[in-house]
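Some structures are shown below for you to check.
Common to both upcoming complexes is chain A, partnered first by chain B, then by chain C.
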Partner chain A sequence: MTSQKSSTESLVLQSEKGTKQNVGKRVPRIEDLRIVKGKAGYTDDIEMADQHYAAFLFSPYAHARIKSIDVSKALELPGVSLVITGKDIKELTKPMSSRAATKSPTSHYILAVDKVRYMGEPVAAVVARSKYVAADAAELIEVEYEPLKVVASIEDAMKKDAPLIYPELDTNEMISDHFDFGDVKKAFSEADKIVKERIRIHRYASTPLETFVVNAYYDPTREELTIYASDQQPGRTVQSVERTIGIPSSRIHLIVPPVGGGFGYKLAIWQYVALASLMSKMVGKPVKWVQTRTESLYAFHRPRGYMDAEFALRKDGKVLGMKLVDWQADANWPYVAALYSLIKFANMSGTYEIRNYSFEYHCVATNDPPIVQDRGVGKPFMAFALERMMDFSADALGIDRVKIRQVNSVPAEKMPYTAGSGEVYESGNYPEAIRRALEHSQFQKKLEEQAKFRKEGRYVGIGIATGIEPGTSNLGYYFLSKAGDPDYNGAGQMATVEVAADGVVKVNMNGPEIGTGHVTTIAQVVADVFGITPEEVNVDAWYDSIHGHLTYAGTYSNAFNDVYLGAVLTASNQLKDKILNIASSLLKEDREELYLANNYICKLENDKEKRLVGLKEIARISYGRLLSFPKGEEPGLKVTAGYINRTAKPFVRSDFNVQLTHSNSVHVCFVEVFPENWNIKILDYAIVHDAGKVINPGIVDGLAIGSTVSGIGGALYEEFVFDEQGTNLSLTFGDYLKPTAMESPEIRVDQMESPAPNTVLGTKAVGEGGAITSLAAVAGAVEDALKPFNVKITGLPITPEKIWNMVKDTPEYKKINKEGQ
Partner chain B sequence: MTRMVTVNLKINGKQYSEEAEPRLLLVHFIRDALKLKGTHIGCDTGHCGACTILWDGKPVKSCQILAVQAEGANIMTVEGLEPEDGKLSIEQESFRENFAQQCGYCTPGFLMMTRYLIRNNEEMTREEIREKLHGNYCMCTGYQQIVDAVQDAQRKYFATKK
Partner chain C sequence: MYPKSFEYLRAKSVDQALQYLKDNEGSRVIAGGQSLLPMLKSRLYQPTVLVDINFIPELREVKLGSNGDLRIGAMVTHYDVIENSTIRENAPILSSTAENIADVQIRNRGTIGGSICEADPSADYLPTLMALDARVVLKTTESSREVKVEDFIQGPFETLAEDGEMLVEVIVPPSKANYRVEKYARRKADFAIASVAAIVSLSKDGKVVDARIATGAQQDKPHRLREIESALKGKASKSVNLEAIIGPATEELEPLDDLHGGPEYRKHVLRGMLSRMLGDLLSGKEA
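After this line comes the complex of A and B, so read on.
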């Protein structure tokens, strides 16, 4: 069963009588009207009067002591008004601290102080009258470094005599922990077979086409800091700026214009927001910084790491238990250290019923650059490791790779299902998703084609993977390291809805618009509440901190569909209620008979709609004609409301909900590998995606496809490569390879709808699914295509060079090369 | 003080004459001197195509050329696509109808490429469209809905020629 009753029934949307329902329709995006005209208005499009520009000098070393910095030549350059270094920063700011890791360094500042810990760490900053002069000045800064021994890997970091990234901590391990769920020992003692493998993940990243952009002005007349920034988590940024540079949050006004792609990358911008703000205060000018592409490729990636996985199997394919030990190089930026380690354990059993498992994690600091919560955070690797192990387990038992997934799927009748970790899967039907995927992908036909191609000597393979796509972070993992009730939680948001004085319904979701269709999605939902068309709803795409917001306000963690829509609906319903109350008093009509339709307050008379008064008129009275305004109501028609997903619960070690909604998907990938050059071509790609209620299929399909292609990039092309000195060798799109339209496959999406019972509309996570599930589907397909060579794929990206190295000593390779001669 | 050079060029049918440093990139000239903000910068190295403009009708990446080299040029940017009647152009309409943009940052570059491609090619297959778009990056959509939009735009364009 996929239909479950909503627990928040009072909020459930009911389309007003006599108006068209918009939720569920493929409404063309309203924001596109501006986008296609080049008038979206991104942060860099905004200029302030007397605009000044910042540039940074970044470290060329991965690990070095800063012996001296000479800024004199930079300061002499005409047009330069300020140069700052770590010396100033140490005096003027507080260091960054850990949020989730138990150990918190005290020496990591927003500009490097005394030493650099990664290539690309900012070492000095310049403010100048033009961006070209600022860049020139940064080049004139002379820094003398004393290179230190580089910690280039997790193994290096854990050696007894390893150099310490943070000497004050006496260790490179920032946090580690061990969880046991169920009876792992018993599971392994009863196993028919045990399969063991080390699965690796490489460094890759989402690279939004718009880089970090910040424009900050400290106005001394109002003692207020105004910031424009391409920021995904502005609520948190305000707090971090306050903490770091000491301007009270009540005096920080942060605006986020439409963001040119987020993907988690822009959760890390706050460090530069703090720097630009500080420099603006110092020079008394508005300071803008536009990050270059190379600067954006220095840092804020996904970490590299590996997982040692051991599966206890019954011979029919049932996974009796798992032992997992996860190592992540995710600690070289205290702010997000440990998040990749921590986010996995609660959802580690994926869409499967695996009751017994142990999960141990180690979060290690190396001289790899900092990480950020990139699309799905640790979940793409979580799913990759789990799904690869499913394939290896099936192979070891001699059973079908589809069969093992069917055997282990959480049965539909067990939903809602509480995983061994305490994570509650509130909705979904995993066996049905597999069944639909087999049908949708024409799996049987693919098998027949594959058999035919193999006979012709073509290397064609099929991969299948399932994936859980959690949304709405409860951020409960802070409970692991911090005592008491942590200061932050992602289970709620605020939104503002008003009927303006001109009678127009206006909404601000009080969160950043990062390209995921929020404007139109909100317009559809609000249109249905007020009985108007989506085009009539004015949804403001700017985040503005002067509207009500929570300290974790931002667009992240796949939470929009839950908490932002919850806040928008709460505010809309409160406002509608108020409007109908006012109308009822004014008209002396029964409140229960009134409804809103087409910008009028209406009622039914003899089954016919009668328009009683216009919304515009109600607005006029509510804002201005106060003598006509009913007693007992407050004038004005503006509501800012907050919303919390009430299924969020405090952390108990044995019962731990990391995220509150769970979408899922099944990917089937069909590939060919060409032995001429070991290139891979995806011939077909089919997805069954269950994100609960779909508000706009055009938007949701696009996110499913786009997130999948981002995963395909990670699986086949993208990798940050470092030399033994920790030098990042992938600093342009010529070296860091993104999939283009040529490499990207045609993807067929089948949307399945199992509504979430704990969200206002039954909607769930949408934006990360493809990035999570695709890695294993692609790897499984390539491995299957290369079956004649008997190779095992345990890491990514699967490049032609890697394939050649795997196959070149195999009998099949010798055979085809002999034939080719 | 840096020597300044006056650059005279035509953009979207309008004549401009503005001073520029000899080293100023054309894309910075368009954005910062002429305040036409629809042309974007995505990579600085000529890979991503966000800064694509049409120069005498042909696509050019404006981050790979200096403003002074554009002396006398006839350029079209995304702001020039919209017909005077306020309706959307065929390309703009097709991109909107097909959900071909998410964050929209790459869209102006894709639209300029589309304007060029649909007018200078016989009916393109999806495979051909994908190949011809390989110099424009989109980080959001996975390209599929962009390919839909280009195909749709070409169909619409050909319909106007009948």
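After this line comes the complex of A and C, so read on.
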């Protein structure tokens, strides 16, 4: 910790020697003009010579044995060059393996082998000269299925005679575990009241505008695989492609153009990258696949599940202890099974000082489709369960819902705070965040309005929720079940900064640009180092594996503000050092007096800035005029640097951190429910968001609002609905309801800044907070609005029809409908 | 999301379009394409020939007939139905209906004729056109006939249009009476969970002179609520007990059952809407 701190300080100090004009400003997003003009250049915009196209045949059954596949008609279609099925895959590839789970199925491949386990599982693949012919050919493949009994729920999966999703495992429970922190038994024996509830989470998902897109070409002349893909974790993809289809990672060149929305969804693309790569090698042609919207709705989602939560309470509202038992239907994708439970350690006790708790989880395979690390992974549900329990506890004790949160908040003087499991909340001021939220939301005024509306027969409610928004993954949770130093970790990244031969400062953060403002944010930070304007910084938004990168290169886990900025700043400062050294030698000036401003090497003479030599000139000398180049320096002005957040702990069951930075927020939601149709309208939505030091308040506002709307979607609109046969009934945007601009409330964001001590600029996570905290704020508000009906909301989404079913037999309902409707 | 191969024919006139339809068995007209294209892309529908009628100017016209009837070309877009002053003046309820349709993009491309022919049980126009007693003009190369919208719609996605026949015009008797038209959907741009179009005229002394009420998204096709209409007609508006009328009149409905709402919920919503909307109309409140 000490060494980390000092290196952090030196990085910050160095960056502050620049003009420091841009960090903290609402600089308009540089990348947006290209995006709105349709010139962002996404993966699908790239076509290779002799381009061929893939199409897949997906299973219409959730669980079935594949009796036979006849591809002859498809192969006869003119323009078709390849059809592959599970038979080929079994021969040519290795099965996928579990990462966290100790058990690993041996029958799970990138294409279904012998049986299908979910509706939408790829069963066969085609390569053809056009995407139309490919689609026609896929339709001509004849598969004979023998439907198997569908495992449609966790309860079904755990029955003694339940059909097994992976028979080789002898169980549908992939992994389960139990953790105890503090003295749970004592806490419960001392409790004045115990509150217990089963809280459910449904299946929903982020749905980026750009779906999976991959274009792969295996060049036999160089024996190299070149891939373009809309991939969020390209470092890992390269490893997975190597392991699955056997092409060495040194021969894989993966490029990620700007990505049209990530949200975690694009972490799952690697399966199709492997398939397209394999097929390209087989046909000797570049193979492109653009996932259709329907296909993108088959999978990958958040899992459904439930948590049995039990709180031991003292009369004044203090939570003495809690018992949490988490059940997740997340094992029908062994690759990331258990992840949704294990990541909950990152925000398990929320913003509260709860010392005694137990956590037990069960990771269960059903015929639900695969899951992916969707925005916040298991943390939105963790926060939903915890915050609902806070509300229920307050109600049971007859105390105020705000008060119980104040009573339990980690006091400011206890920061940095180490939670029971070892998670270190490095910064934040939770009581102050609540205080500011009450003020920002005009909470008192809302209470008065609510009382007035109730008298008029209107059902208006207020919900409040607090939440931790962790960032930077230690990926430790994968190894809570396994020993040793894992081969991968998200606590570090690499980036490249150069002054090109034309004197322009050029940056490649070498992670996917997923539309969250990285280009502008990096431009602001780097501009300050070099003393130029953000518009002058050329930020390359392409990830390219030929640049320096770590095996877990990718834009995920809310880590950009930590590890990518750390790498960019490290490289920038090294390069600036080098430039000033070169200039000092050339100019015979004292190195310490030189600095960079406005594209010049400057020094102060009589308090006035004197421009000594242009950056362009230094570039010319460094790249070309080598006779003038000073001795003792290397020519060229390009630096690739790596950075690690050193606060990642090794993995010990009793003391571990799964994430390294912790932003926090308080959401206050004000809703009205209309008794004609029980529809819900959000009248006001106020957020206090503390993401530490903010580089661009406009971008941070945007991310807070966007992630909150995605949470509102999960709370009120979005659900993948399956029938008892495991058929997904929500395969269009007419049935899977995303909130649109018309449904989105005006969201008011108040930014608070508690800088992180363990990141280079004090920045923290930004992109997931709304998705984490909003679910409970919305649910609490709706429940409060319906207080006269005495309903309890323990699951989502809260639809008008569900509300009607909850209220229609209550006395209040009969009272307002006394005319006999 | 890639349609099966089809032939595309662009008609320059109504006659040419009708000829194309006659000459090509299994052909289908493409109007605004807002429902058809997604169906083609998902291969739910696989016509061999598409006849495009987007380039026929006369189908975009709005006219006032000599008898005062509005004559709206099949290819008049939802946007035009909202903006066109002739429609706004003579059938303001129709313009208000179009405002509820989907989103801006769809209103810019989607057409009244296309929407009617789609015959979606939850479509926005149908209850309004039924309440207006509107008719459609259907043509073939040889014939022309007029059919009431109420008769034209046969069931979900089913109409009276026969092979080779094309809807060219919608005829709307003018109605300047007080009206309400609403749809209830979870999101602004969605198909209705329940929709109501109601036109009520009151005499100076407060008697109900005329009441025409239709609903959508309830049964397999939109329909008039004639039991309610006749219960209202001739009554003094102030003495009407709406709840006593609406309850029994909607008892027999068998509403749709899908992800967006079960039958009982849809009926509940419909009753609430009817009660409030008709209450407003009976009290003479202007829209």
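The definition used in the following text is that the second predicted complex is superposed on the first by the 802 of 821 C-alpha atoms of A that agree within 3 Å, B and C clash if a C-alpha of one lies under 4 Å from a C-alpha of the other, contacts with A are read in each partner's own complex, and residues count from 1 in each chain.
Just so we're on the same page, a contact is a pair of C-beta atoms (placed from the backbone, for glycine too) under 8 Å apart; a residue touches a chain by one contact, two chains touch by 3 or more.
Source: prediction; values computed, not measured.
K.L.:
Just checking: does A:M742 make contact with chain B only, chain C only, both, or neither of them? Give me first, second, both or neither.
P.N.:
So A:M742 meets both chain B and chain C here.
K.L.:
Could you look at A:Y132 and tell me whether it touches chain B, chain C, both or neither (first, second, both, neither)?
P.N.:
both
K.L.:
Just to be sure I read the superposition right, which of the two partners does A:W804 touch: chain B = first, chain C = second, or both, or neither?
P.N.:
A:W804: touches chain C, not chain B.
K.L.:
Who contacts more of chain A, chain B or chain C?
P.N.:
B
K.L.:
Name the contact category of A:G38: first (chain B only), second (chain C only), both, or neither.
P.N.:
First partner only.
K.L.:
Where does A:N677 make contact in the superposed view: on chain B (first), on chain C (second), on both, or on neither?
P.N.:
second
K.L.:
In the superposed arrangement, which partner chain does A:L209 touch: chain B (first), chain C (second), both, or neither?
P.N.:
Touch status of A:L209: first partner only.
K.L.:
Give me the intersection of chain A's contacts with chain B and its contacts with chain C, in residue numbers.
P.N.:
Comparing the two interfaces on chain A, one with chain B and one with chain C, the shared residues are 131-132, 292-294, 732, 734, 740, 742.
K.L.:
Quick check on the complex: what are the chain A residues that touch chain C?
P.N.:
131-132, 134-136, 139, 292-294, 675-677, 679, 717, 721, 729-730, 732, 734-735, 737, 739-740, 742-743, 799-801, 804-805, 819-821
K.L.:
Provide the residue numbers of chain B that touch chain A in the complex, in ascending order.
P.N.:
Checking each residue of chain B against chain A gives 1, 21, 23-24, 28, 31, 36-45, 47-48, 50, 77-79, 81-82, 88, 91-92, 95-97, 99, 101-108, 111, 126, 129-131, 133-147.
K.L.:
In their shared complex, at which residues does chain C touch chain A?
P.N.:
Counting only chain C, the residues touching chain A are 1-5, 38, 42-43, 103, 184, 186-191, 193-194, 243, 246-247, 259-262, 265, 268-269, 271-273, 275-276.
K.L.:
Using the touch definition from the top, list the residues of chain A that touch chain B in their complex.
P.N.:
Going by the criterion above, the answer is residues 28-29, 31-42, 44-45, 78, 131-132, 206-210, 258-263, 290, 292-294, 514-517, 698-699, 701-703, 705-710, 732-734, 738, 740-742, 744, 746-747, 770.
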